[in-house]
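Next come two complexes, and both contain chain A; in the first it sits with chain B, in the second with chain C.
The block that comes next holds the complex of A and B.
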């Protein structure tokens, strides 16, 4: 009963999420369908090679997928199907959209999850160490390395890792092998380079944020009190300082998680040939395959909204003083 | 002693097995073909408009025939070459009698006729390449008439002569009538039919059978032990043929270098380095692709481009050597018409070779432009190219983003034109924008839908003068290029019109061209006229580099290198 306000808050947020998702879905649909391109654009080279009639090919392709109908008719037809649980047929991959997503989400998910864990765990450990050992040589070294980590572009780092560890040293395969069993050491090994590629920038960021948040708290009176009470330094840092520093960190980690789902992970997927949702949606945009684009955007939207909700809820546990009206 | 005996026996077995691999017949490793051209759209190939879909399906179903590197026809599903009646109106096709669908039933002539009549020619399915099977009769567009004669023979009857029509027939692949009838008339059901999307019907028709397609990742086919061409020789020799997709050429080449894949295209800058590697062999092969610079002869292009002499002058100022040698590192050769030297229809005689010495001459180019009224003479006698009013000339060159060589070519062209005093503004635009705003056109203030050629009065949304673009030629049937160069051509977006060229393309598709010598002369004349007219500046024909692991054997490098790929094998480990 004591936390009934939280249940009401969650229900309210979920209702808002549905409305926001519907708005984003509609905007995405309109942007994809009124954009200056047609699925037939990419056939031009093949049409030219065959000496075909471009107008005939374009008309045939558009008619087959109902793209010759007015935009509003396409929109209502799509929304009607979506409402009935039919996500449509992906005409650029020739399979039901739901099947496509079911097959490929796991590749993005495992990459994002492992990268986030890797970055958060190591980043926070280094950040804590740097803060506690402020202005030592190790702190300077970590600071220097974290700036490099933040500055390195993903695509460059990924290619360099492949050239060194796969081509020169032969330690890893040059591309991600989708035939490996999901829960196997081989799969984990195949993900080492992609995780480092995607996680390095985040890790470096977490080092900086953790260090800064820790230093803020280290200067506060409750830390002096804790030390004066004779608490061991490990308890002061771990239980008091770090717990207070976690609040802004959780916001940043959750925000990162939301933003890399289909943005940051895409480049890593490209470099290592991981057929995740980032790559699927990117190709769908170029193919004008709106059922896929809209579906992936919808999933992305819900994920971001849910992550935000989870962040808000986690605040109430990290800081029991927080209440939502 | 007993252990030694077992060891000896095992050694003997091993030696015997290794010896048996001399021709690769027992080697069953997987061949991994690294590609970056984008994934296929469907395995239900009759719906496809992209090349990858045909390529994927082609691993499991052969067409009627293909051709080798010297353009000799290689029979596939054909029992003998197609017979053409003396009037070139009746084509008699005889297929092999040992072709089987997956349910064990024979592939018959009726399957081919059904595929044409009930699927390709139907209104409900919207086959994208209907025009391959259509002809103009008394001003009407009609389909040719296919007809089954018996189980293995069918005819296709035309009402008009088209000497190159036979090549459309060679490419024909059948659908199984016994399955397709279940979906007839329902495009949604046909599109989603599991038999067609999983290629479960292909029987013994191709060297491989479908196994798996992971979108944007890999397409896997496995050895077909029943393949009609492989029965006697045990081919194919790869256990699986895997098309592995890469999004970047850098990672694809790294995979080849590391030995993770068997084949990959190589970027020009990487060729020498990969050639020096002991585990890789690189073949340089010609292609049918060429890059050209289109001159806008429509109303929203610079008026000078309608003048043949002006076009000649501009082409004379643009160095093809720079493009082929400095930008494409020698993996291209200057182009002068749409027919490359690799084609049997190529003739060099009388072709004006603009862009190479002696027709690469900036001074002469400036003089030609001056003579046409586009220039002023400065005090030192030097000519500065201007518009007719004596004002500086400013041209717009549009090129799509994402291709480094294309961008480099654009900058090379700008530099060449600047030497004449012409300022060129390069507009780098995405492909969709290039097509919609620059290439497609419509008549102003009309309700016309934009298309690639909406007649002589149509103009593009954005003004332009030059567009850099890639085209390609069908080497066996070059008359298909009429889509670019005839007045009514569906891809003649630059508005070129010349009755002589229109007539020559018509002649290439007429009775007269049944005589191969006559057709050769027509193509020679077309090359000559187009090289003289310069509707576009034909810049270069491209060559590509393909790298293989050194142990891949049986490859015959050439323009159609894959024609015998079912006979490729891995050299046995010694």
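The block that comes next holds the complex of A and C.
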């Protein structure tokens, strides 16, 4: 026996992830190449104003970027460059894209990490409570509130929080202060509103999913057995029901990361002026700075890929019943 | 084309819509859920507003700096107004009037008119993009389940790849590359949003495929076409209705978020775009950011309530 099946499984998942990553890069390459824009566009207005020949400039710039080569050669150099960590040059900030990402990712990371922890912790607690007290007034109240939490557009929630707590009450600054050291109380305080903005929707979702997953397990025979053995209710709920409800929850939390969290973090950063990856992509859109926008999408996608891989592997530890061939 | 589409629509929906008893039964079950009824009522109100509202309201694009930042009825604000004779700014109290029930924005545009035409944009985007995504997802899901083998494998691996892209980031990239026109935004949302539907429909069709009536139909020599359109799709139609109702809010929010970050169609006044302009005038005109947000929130809430009620009615076992 041993754990060799686990090693084989992990290797299989790794290879699969690499193939997906390759597909993603290819799709992105096709999107950018099919798109109507050219890197020469940003020079044209200037050139035309000085009486230059736009066609000549376009040809020169495209040759500089290697766009005059055959499509397969462009594809290979694109993939090779990405692989070597050469993600292009951001002209609007005058630095390599990879440097830009290195200096800004931490802001997105702290926001996403704190929001996820906040949402998962409180959401699961409320969900467990709701399930145990099913069909009571508190359960109905939490269910209704979770509907509201899911439906509030998070970018609007952020603006409303600024309006109430920063503009009217003056409790917080309206903008994130980038001069604060990362690990300080002031920084934590500056992140309160952004974390609520990003976390509320997730939290409400976790309440619903936890409640439903707990209810699925509460009526199972092993719960009756545990109670019949005379175990205290705390242990029954915590160890027997919740442990079994955790697996579908982990799937959903990880799935959220891709579908909700990155989009939400993007908008939250813009509202509060947090200089994370969403913010640099937002600025790049206005500067028509192609490589940055592409890079941020790719980073987000690779994060999802990594998280999916980690989820699949962590299953084998969370649920010892699972064996993959 | 339209003829065949109508024919297909009639054929696949006949089992549900020809049976008044079944519809009555579902309606009874949905009705028991008061929140779902509220959701449906609000959606009907919104559709009416979007359809005929613009004929009764002012021009939403009419700029009038004489009447800028007037608060909604019942509210007052302080504005400092420049007086040419004394060469000074004078504080003046401005009261909301019935001429602009919801107030005006920083360019003096009527908020009510903008909200009403924004409803039209949001609903159109929500319905059409969801329609595209659902049709694509259903076709891919059913084909995948019914044909099996390498087709299933290829389609599901492609779905995996598409699901790895964070939805909003992919949308931002596509709209950034191809330019923000409303038609293109709708198409982009539709072409990227089908993955969840495809998976759900596939797993539902997989279990249907082995049921006796499908096996019997095949044994009697029914063509693939007939099995798919007469037996598989009619049996997933209730699932499709639920998915569609629950997808619409996400699509409406996606369009609003795109407009909010400036990737919306600049020629149409969408709720997200109004919200974005309101963000910059929080100090002087809070209602510009509040009103479109409330509409977005209520719309999303209404679709979520209705979708949840429908799911309870169609599938009593589920308790998500």
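The rule is simple: the second predicted complex is superposed on the first by the 262 of 325 C-alpha atoms of A that agree within 3 Å, B and C clash if a C-alpha of one lies under 4 Å from a C-alpha of the other, contacts with A are read in each partner's own complex, and residues count from 1 in each chain.
What we mean here is this: contacts are C-beta pairs under 8 Å (C-beta built on N, C-alpha and C of every residue); 3 or more make two chains touch, one makes a residue touch a chain.
None of the values given here were measured: they were computed from a predicted structure.
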Message: Just to be sure I read the superposition right, which of the two partners does A:167 touch: chain B = first, chain C = second, or both, or neither?
response: both
Message: Tell me the contact category for A:297 with respect to chain B and chain C: first, second, both or neither.
response: second
Message: With both complexes superposed on chain A, which partner does A:103 reach: first (chain B), second (chain C), both or neither?
response: first
Which superposed partner A:28 touches (first chain B, second chain C, both, neither): second
Query: Between chain B (first) and chain C (second), which does A:318 come into contact with in this model arrangement: first, second, both, or neither?
result: neither
Message: Once chain A of both complexes is superposed, is A:159 in touch with chain B (first), chain C (second), both, or neither?
response: both
Message: According to the stated criteria, A:113 is in contact with first (chain B), second (chain C), both, or neither; which is it?
response: neither
- prompt: In the superposed arrangement, does A:270 touch chain B (first), chain C (second), both or neither?
  reply: both
- prompt: Between chain B (first) and chain C (second), which, if any, makes contact with A:215: first, second, both or neither?
  reply: second
- request: Go through chain A and flag every residue that touches chain B in one model and chain C in the other.
  value: 35-37, 159, 162-163, 167, 174, 270-271
Contact set on chain C toward chain A in their complex: 35, 160-161, 163-170, 172-174, 176-179, 249, 253, 256-257, 260-263, 275, 278-279, 282-283, 286, 289-290, 293, 296-297, 300-301, 304-305, 308, 319-320
Field: Contacting residues of chain A [partner chain C, same complex]
entry: 20, 23-24, 27-28, 31-32, 35-37, 144, 147-148, 150-153, 155-156, 159-160, 162-163, 167, 174, 208-209, 212, 215-216, 258-259, 262-263, 266-267, 270-271, 281-282, 285-286, 293-294, 296-297, 300-301, 304-305, 308
Field: Contact footprint of chain A on chain B as seen in their complex
entry: 38-39, 41-44, 47, 49-51, 125-132, 187-188, 191-192, 197, 214-218, 244-248, 250-251, 254-255, 257-258, 260, 288, 431-433, 435-437, 451-452, 470-472, 474, 477, 479-484, 490-491
- prompt: Considering the complex alone, what residue numbers of chain A touch chain B?
  reply: 35-37, 40-57, 59-61, 63-64, 89, 91-96, 100, 103-104, 159, 162-163, 166-167, 170, 173-175, 178, 270-273, 275, 279-280, 283, 287
